[in-house]
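Have a look at these structures, which come just after this line.
Both of the next two complexes hold subunit A, though its partner changes from subunit B to subunit C.
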Partner chain A sequence: MDSTAWSMLLNGAWVTLWISGVSIALGVSLGLIIALIRSAKIPFVHQVLGLYISIARATPLVTLVLFIFLSAPTLGINMDRSIAGILALTLNTTAFNAEIWRSAFNNFSNDQREAALAVGMTPGVYFRRIMLPQIVITSLPSLVNEMSFLIKGSPAIAVIGIVDLTRVTNRISAVTYEPLPPILAAGALYMVIIAALVWFQRVAECKANRLAM
Partner chain B sequence: MPELPEVSIQKLSKQFDGVEVLRDVSLEVQRGEVVSILGSSGSGKSTLLRCVNWLEQPDGGEIRIAGDRIGVKADGKAMNNRDLAKVRSQLGMVFQSFNLWPHLNVLHNVTEALIHVKGMKKAEAETLADELLAKVGMAEKRSNYPYTLSGGQKQRVAIARALAMQPRVMLFDEPTSALDPELVGEVLAVIRDLSQEGYTMIIVTHEMEFARNVSDQVVFLEKGKIIEKSAPEEFFVHPKTERVRQFLELDEKV
Partner chain C sequence: MTDWQILWAERGVFVDGFLNTLQLFGLGTVLGFLLGCLIVFGLEGAKAPLRIALRIFIDAMRLLPFLVLAYLFYYGLPSLGIRLSSWEAGVSALVLYHGAYFAEILRGARVTLPPGQVEAAVAQGFSMPRMFLRLILPQLVLKSRGVIGNQLIILLKDTAFLVIITVRELTAAANGLSGTYFIPMQAFIVVIGFYWIISIALEQAVNWMGRSGAKRGFKNA
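Moving on to the complex of A and B:
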């Protein structure tokens, strides 16, 4: 592989990174918001969000990407490929993250909640100051797990023509007629990305051990 | 005009899934008074205490803190979270299982509500917290996290945390029941000091000797009803009911 091939590969890696990164950031926060809204158990809203989660979890990523990219024009929306890709990845990962947050809410100790209410905290202050800092750390292994699934599932966005880290290997081998080196290099780059995530999770887990009561 | 009682409980009733846990309970606690609530497990003692700061909502009756009703507004509607939080901040609660916040160290467990409920400045809150930690003998452990502490130490921090809000009334829900026998003393000593300082307190406990020594009033609950309410000398020496006599005898035998 020459330097052109390498720079194409790194470009692909960058596309994978930024599209996944934006989707992860959106998905983690939207998932938290959805879990919060669901915990209020508002009739109708609760069911609608439940339905969304069921559908999003059951739909293959490729199907979702295609559906969004192809249905946008029929709704009169002229959607950029990257936006469609981010939207699909976000819709997918948000559903899984919402379930991770929900389970964290459910497992959180009621004792701590009562102690917070007893000193005069409102539920909002309790959530921000007591619950959130702890569930962020305890949910991190599951969240990071979901992040790595998303990154590994992100080649799905290639079906609408986005040249990501997997797709770019095709382009390189179309010129070099050697498919193996670029795909090996891409594999190595995926491993570096996931390894960085896992390292991040380890650090968080060390912190989480302190919370084991 | 006579002073309003700090806590006034009138005809309180509470059911859990159709089972009556409190029946027509009335109790008044005057300022500076220490009231101990005794009774066997399942008699409704803890539920009664938890109703006082609305962690449990009673089904009937009313509770007033220095004349103000808790849980229900003047127009009869349920209080919102903000109003409820305001009333609750006047009531310090100490739990059986301490319920410290594990992500905060000892000092920050005490300052948390001062800063984020009372809106106190950080430095000011820490000065007050250090004073209170010294009072409960935990000054040296101010930077420790809860998991490094013994049960007795955790409970003393929990007491400092409740005191920090300068509550009108302190509520103790079996504060020593989760402790090893050798750690019970250090917690009871702190509570005894508070009673001498004139704090108004309601204590649910199984420690008979302690209840006898610190209380101004002893209340005995049986199946959700107060069956005896008297001064400690009378309660422990001349119980009026057969049930209390039996309860005290059982205690002596152990």
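Moving on to the complex of A and C:
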């Protein structure tokens, strides 16, 4: 492999990283919003969101990416490949993150809520000042775990022609006729990325255990 | 003909894809689980070199996206002179990848198993394989049934990756039909429904295992 091959690989890694990064940021915040809405238990909305989470968790990423990318034009929407990829990854990871946030809500002690309301905090202030800082720390390990799952699933976007870290190996081997070295190099890059996340997860777990509630 | 009627007329394609996905899923589950058990057995009484090699294998698989392994088998191995069909490459990638995950799940349960039972079994004269099969493995499986169920759902979803290396499974069926008739939305809705049904069935199976396990005194899933 020469330097052009390496720079193509790094470009692919960059595509994987930014698409995953955007999806993670969107997925974590949308997951929190969905968990909040679900905790209000509004009759019809609650069931719809439950159905969404159930379906999104069961749908393979490849199928979801193809579904979004191929059916957007039939609805008259002209969708860019990367937007379709981000949308699919976000829809997938939001469902998992919503469940992580929801279990954090459920495990949160009710005593603190009663105490906060008793000293005259509004529910909004209580959520922002008391609950959120604590559940962020307790659910961070699971959230990071879900992030590494997302990156492991991100090669699915290669199916609609986004040249990410997986698909770029095809491009390189089309020139060099040696598929093995680029695939191994791509695998090594993935390992570095995911190992960094696993390390971060371990650090987060230590923090969470120290603040164990 | 409406779009749905076209899909109904082409139901054979879906059924073929569905059966193929089920076949991949079944093979991946059974062989992967056996591989996982073998690895845990290897970790049980093994000497240092084998144990380190197995740990490296497990950790490497956990850090790798599944598709990269499938690429390695399908596109990479021919340059070493090993030529697998897309189906063979897909099944071996599924087995190897998820075997490592099953091994890690069982190993996690093995760490929490109290050592007294093993010592008692050794004192009773159990041979190593017999003790593993009769004493350790059943407890590990019952203890980690919830996590194993989750892993099965991940395995099911990973079979869809194989469409990229041209295996004819469920997602490939929808992709082909939507290419032929330009009705992508309906075709994929049907396929997503199929995946949803299998996942719900798996969840029910795990719940059922949980209840039958609880009867035997394994409360914590």
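Going forward, the second predicted complex is superposed on the first by the 212 of 213 C-alpha atoms of A that agree within 3 Å, B and C clash if a C-alpha of one lies under 4 Å from a C-alpha of the other, contacts with A are read in each partner's own complex, and residues count from 1 in each chain.
Convention: contacts are C-beta pairs under 8 Å (C-beta built on N, C-alpha and C of every residue); 3 or more make two chains touch, one makes a residue touch a chain.
Since we're looking at a predicted model, the values are computed, not measured.
Visitor: Should the pairing of subunit B and subunit C on subunit A count as a clash or a fit in the superposition?
Guide: In the superposition, subunit B and subunit C stay clear of each other.
Visitor: For A:Thr63, select first, second, both or neither according to whether it touches subunit B, subunit C, the two together, or no partner.
Guide: Second partner only, subunit C.
Visitor: More residues of subunit A in touch with subunit C or with subunit B?
Guide: Answer, by number of touched residues of subunit A: C.
Visitor: After lining up the shared chain so the two structures overlap, which partner does A:Pro155 touch, if you call subunit B first and subunit C second: first, second, both or neither?
Guide: Second partner only.
Visitor: Quick one: classify A:Ser71 as touching subunit B (first), subunit C (second), both or neither.
Guide: It touches subunit C, and subunit B stays clear.
Visitor: Is A:Ile42 in contact with subunit B, with subunit C, with both, or with neither (first, second, both, neither)?
Guide: The answer is neither, since A:Ile42 touches no partner chain.
Visitor: Could you look at A:Val203 and tell me whether it touches subunit B, subunit C, both or neither (first, second, both, neither)?
Guide: neither
Visitor: Output check: A:Leu184 vs subunit B and subunit C. Expected answer is one of first, second, both, neither. What do you get?
Guide: Second partner only, subunit C.
Visitor: Once chain A of both complexes is superposed, is A:Ile55 in touch with subunit B (first), subunit C (second), both, or neither?
Guide: Touch partner of A:Ile55: subunit C, not subunit B.
Visitor: After the superposition on chain A, what angle is formed at the C-alpha centre of subunit A by the C-alpha centres of subunit B and subunit C, rounded to the nearest 10 degrees?
Guide: It works out to roughly 110 degrees.
Visitor: Please work out whether A:Leu117 is in contact with subunit B alone, subunit C alone, both, or neither, and reply first, second, both or neither.
Guide: In the superposition, A:Leu117 contacts subunit B only.
Visitor: Which value in Å is the smallest Cα separation between subunit B and subunit C when the structures are fitted on chain A?
Guide: Distance of closest C-alpha approach: 27 Å.
Visitor: Going by the contact rule set out above, which residues of subunit C touch subunit A in the complex?
Guide: 60, 63-69, 71-72, 75-80, 153, 156-161, 163-164, 170-171, 174-175, 178, 182-185, 188-189, 191-192, 195-196, 198-200
Visitor: Mind pulling up the subunit A residues that touch subunit B in the complex?
Guide: 111-112, 114-125, 129-130, 133-134, 137, 210-213
Visitor: Under the definition above, what is the set of subunit A residues touching subunit C in their complex?
Guide: Those residues of subunit A that touch subunit C are 54-55, 57-64, 66-67, 70-71, 74-75, 151-156, 158-159, 166, 169-170, 173, 178-180, 183-184, 186-187, 190-191, 194-195, 198.
Visitor: Using the touch rule from the top, collect the residues of subunit B that touch subunit A in their complex.
Guide: Interface residues on subunit B, with respect to subunit A: 53, 55, 81-82, 84-86, 88-93, 95, 97, 99-103, 112-113, 116-117, 145-147, 158, 161-162, 164-165.
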